[in-house]
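Several structures are given next for inspection.
Each of the next two complexes has chain A plus one more chain, namely chain B in the first and chain C in the second.
Our next item is the complex of A and B:
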């Protein structure tokens, strides 16, 4: 495929969503379907596990899930003051879902698009398989988290307490206009940094995978393939292993920051 | 690449997924883990309690055993004492009985002796009287000389 189109086209093709609709009312079908399938996978596996839960001697998979749960619960306990039954499931959902969506990045970049093109019969059909390389997904999560942050800010501190936070923080009562701007930036940077960090990391990771894939595609012609193809395999393996860390780290960071932000929203003294 | 309606769909999906994860994964599994933790803690405390109780029981058993031993010792020494008392008693009683029997035998002998003496005396008296009668023949009136005879008999 890369031989038929140029390097730029190849990359652009891979980074374009399969869409339906026009303007704002465009739906990135691939993003929606893949993330929904991964969500369904979580629910399906969890429901199956739920039917054979063992209190006394849990089997291998239950042990694995329990250790994830324990990990999330420990993070919530450490970073979140007080008690809110919503926080832990929220953190768990973020961790698993984001990790699974990130994991799509590790599937060979051309595999799923080629399969899709074969199935649809359209050799130019778009398919972008990593939902977290779509800003819509990461922003959707961070905006939802932000809505929760606002909700709990107002619920815990009251409307006046929340307003006071804007007026007198961080420089005291003599710098109210500055305070408003500062606090506004501080608050709005939370969802933006959450969304952009995850998106940026995954997008860059995907791009590197594409570039590595190009080595074999554009450079390996004739006898040169003997040199370039093994290099591609080596680089791909290296980046894959490194990226396995990155996707876990990014899922973890998203989860921890969500817990911390919501903890700050619950902190009355702030 | 740009923000579009996918955002809304993903938000809805996210919220739904949180709800589902809580329902099918977090709630049942965390409850199970809590239950297990509680069970383990209960088991450990029960074991601790059992150990403590065992220690107490052992101590009690030791005490009971000690008590029983001293009691047995007491009973034994008491029985010994009582036995020797009984023997002592029997000895005294036997001695008394012997004395009594000896005394009564003595008395009987004395009685028998005095009775025999009395009989002899009477027989001698009657022999004397009959002798005197034979000697004096009608001169001596039994009735008249009865008093004199009586004193005579007594003086024998």
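Our next item is the complex of A and C:
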């Protein structure tokens, strides 16, 4: 495919979403479908596992899921003061869902788009399979977390307590207008940093995968393939192993920071 | 005296962000700084749209975001100086037993 397209087109083609609608109401169908399917996968596996729970000696998969649950529960206990039954399930959902969405990055970059193009019969059909390389996904998740942060801020501190934070927070009572703007900026920067960090890491990771894939596509012609093809395999393997760490770390950071921000919202003294 | 001071410092660190897991905020200090600046631009842009004063708020809020970003990174990196209270207790106990052995 790369031979026909040229490198720039190849990369652009892979980083363009399959969309419906236009302007503000553009829906990135591939992002929505893939993330919904992964969500459904979590629900399906959890429901199946829930039916076959063993109390004695758990099987391999149950053991694995229990270790993830323990890991998340420990993190919530460390980072979250007080008690709120919503936090641990939220953190678990975020961790697993983000990890699965990031994991789509490790599927060979040309495989799913090629299959999609064969199924639809359109050789130029767009498909971007990693939902977290779409800023809409990461911003949607972080805005949801932000809405929860605001809700608990108002619920725990009360309307006056929350307003007081806006009025007197960084510079004291003599700079009220500056304080209001500053606190606004501070609050908006929370979801922004959550979303941009995840998006940036995943987008860059995907781009490196594409660049490595281009080695085989553009340089491995004729006898040169003997040199370039093994190099591509080696580089791909190396980046894959490294990226496996990155996707886990990013999912973990998203989860922990969600817990920390919600913990700050629950902290009355702050 | 110095112990009291240390204790105060540890308490203060905990008041700023709860729990040792808040140390993960340190990892994202860079992106917090960047997003404070971007958030400054966004808030400034919105204020300019409301009051029709382009580019006064746009620029001044960006400066505010920059200041706030530096302030945040500074507060976060101050956490590096604090010992978690458990660790501190342990190290203090260790010191005491050492002193006992000496005497």
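Here, the second predicted complex is superposed on the first by the 270 of 270 C-alpha atoms of A that agree within 3 Å, B and C clash if a C-alpha of one lies under 4 Å from a C-alpha of the other, contacts with A are read in each partner's own complex, and residues count from 1 in each chain.
Going forward, a residue touches a chain if its C-beta (ideal position, glycine included) is under 8 Å from a C-beta of that chain, and two chains touch if they have at least 3 such contacts.
Given the structure is predicted, the values throughout are model-derived calculations rather than measurements.
Trainee: Specify the outcome, clash or fit, for chain B and chain C once both structures are aligned onto chain A.
Mentor: Partners fit side by side after overlay.
Trainee: Tell me the contact category for A:264 with respect to chain B and chain C: first, second, both or neither.
Mentor: Only chain C; A:264 stays clear of chain B.
Trainee: Classify the contacts of A:178 with the two partner chains as first (chain B alone), second (chain C alone), both, or neither.
Mentor: In the superposition, A:178 touches chain C alone.
Trainee: State whether chain B or chain C is in contact with more residues of chain A in the superposed arrangement.
Mentor: With both complexes superposed on chain A, more residues of chain A are touched by B.
Trainee: Figure out whether A:225 sits in contact with chain B (first) or chain C (second), or with both, or with neither.
Mentor: neither
Trainee: Please work out whether A:107 is in contact with chain B alone, chain C alone, both, or neither, and reply first, second, both or neither.
Mentor: neither
Trainee: A:188 contacts which: chain B (first), chain C (second), both, neither?
Mentor: A:188 sits against chain C, while chain B stays out of touch.
Trainee: May I ask you to decide whether A:136 touches chain B, chain C, both, or neither, giving the answer as first, second, both or neither?
Mentor: first
Trainee: For A:27, is the partner it touches chain B (first), chain C (second), both, or none of the two (neither)?
Mentor: In the superposition, A:27 touches chain B alone.
Trainee: Once both structures sit on chain A, report the angle chain B, chain A, chain C from C-alpha centres, rounded to the nearest 10 degrees.
Mentor: About 80 degrees between chain B and chain C, seen from chain A.
Trainee: Where does A:159 make contact in the superposed view: on chain B (first), on chain C (second), on both, or on neither?
Mentor: Neither partner.
Trainee: Quote the smallest CA-to-CA distance from chain B to chain C in the superposed model, rounded to whole Å.
Mentor: It is 15 Å, taken between the nearest C-alpha atoms.
Trainee: Under the definition above, what is the set of chain A residues touching chain B in their complex?
Mentor: Those in contact with chain B are residues 15-17, 21, 23-28, 31-32, 35-36, 39, 42-43, 46-47, 49-50, 53, 55-56, 65-66, 69-70, 73, 86, 88-90, 92-93, 96-97, 131, 134-137, 139-141, 143-144.
Trainee: Can you list the chain B residues touching chain A in their complex?
Mentor: For chain B paired with chain A, touching residues are 1-11, 13-18, 20-22, 24-30, 32-33, 35-36, 39.
Trainee: Report the residues of chain A in contact with chain C in the complex, numbered from low to high.
Mentor: The touching residues are 75, 78-81, 170, 178, 181-182, 184-186, 188-190, 192-193, 196-197, 200, 253, 256-257, 259-260, 263-264, 267, 269-270.
Trainee: Okay, in this complex, where on chain C does chain A touch?
Mentor: 15-22, 24-25, 27-28, 31-32, 34-36, 38-40, 42-43, 47, 61, 64-65, 68-69, 71-72
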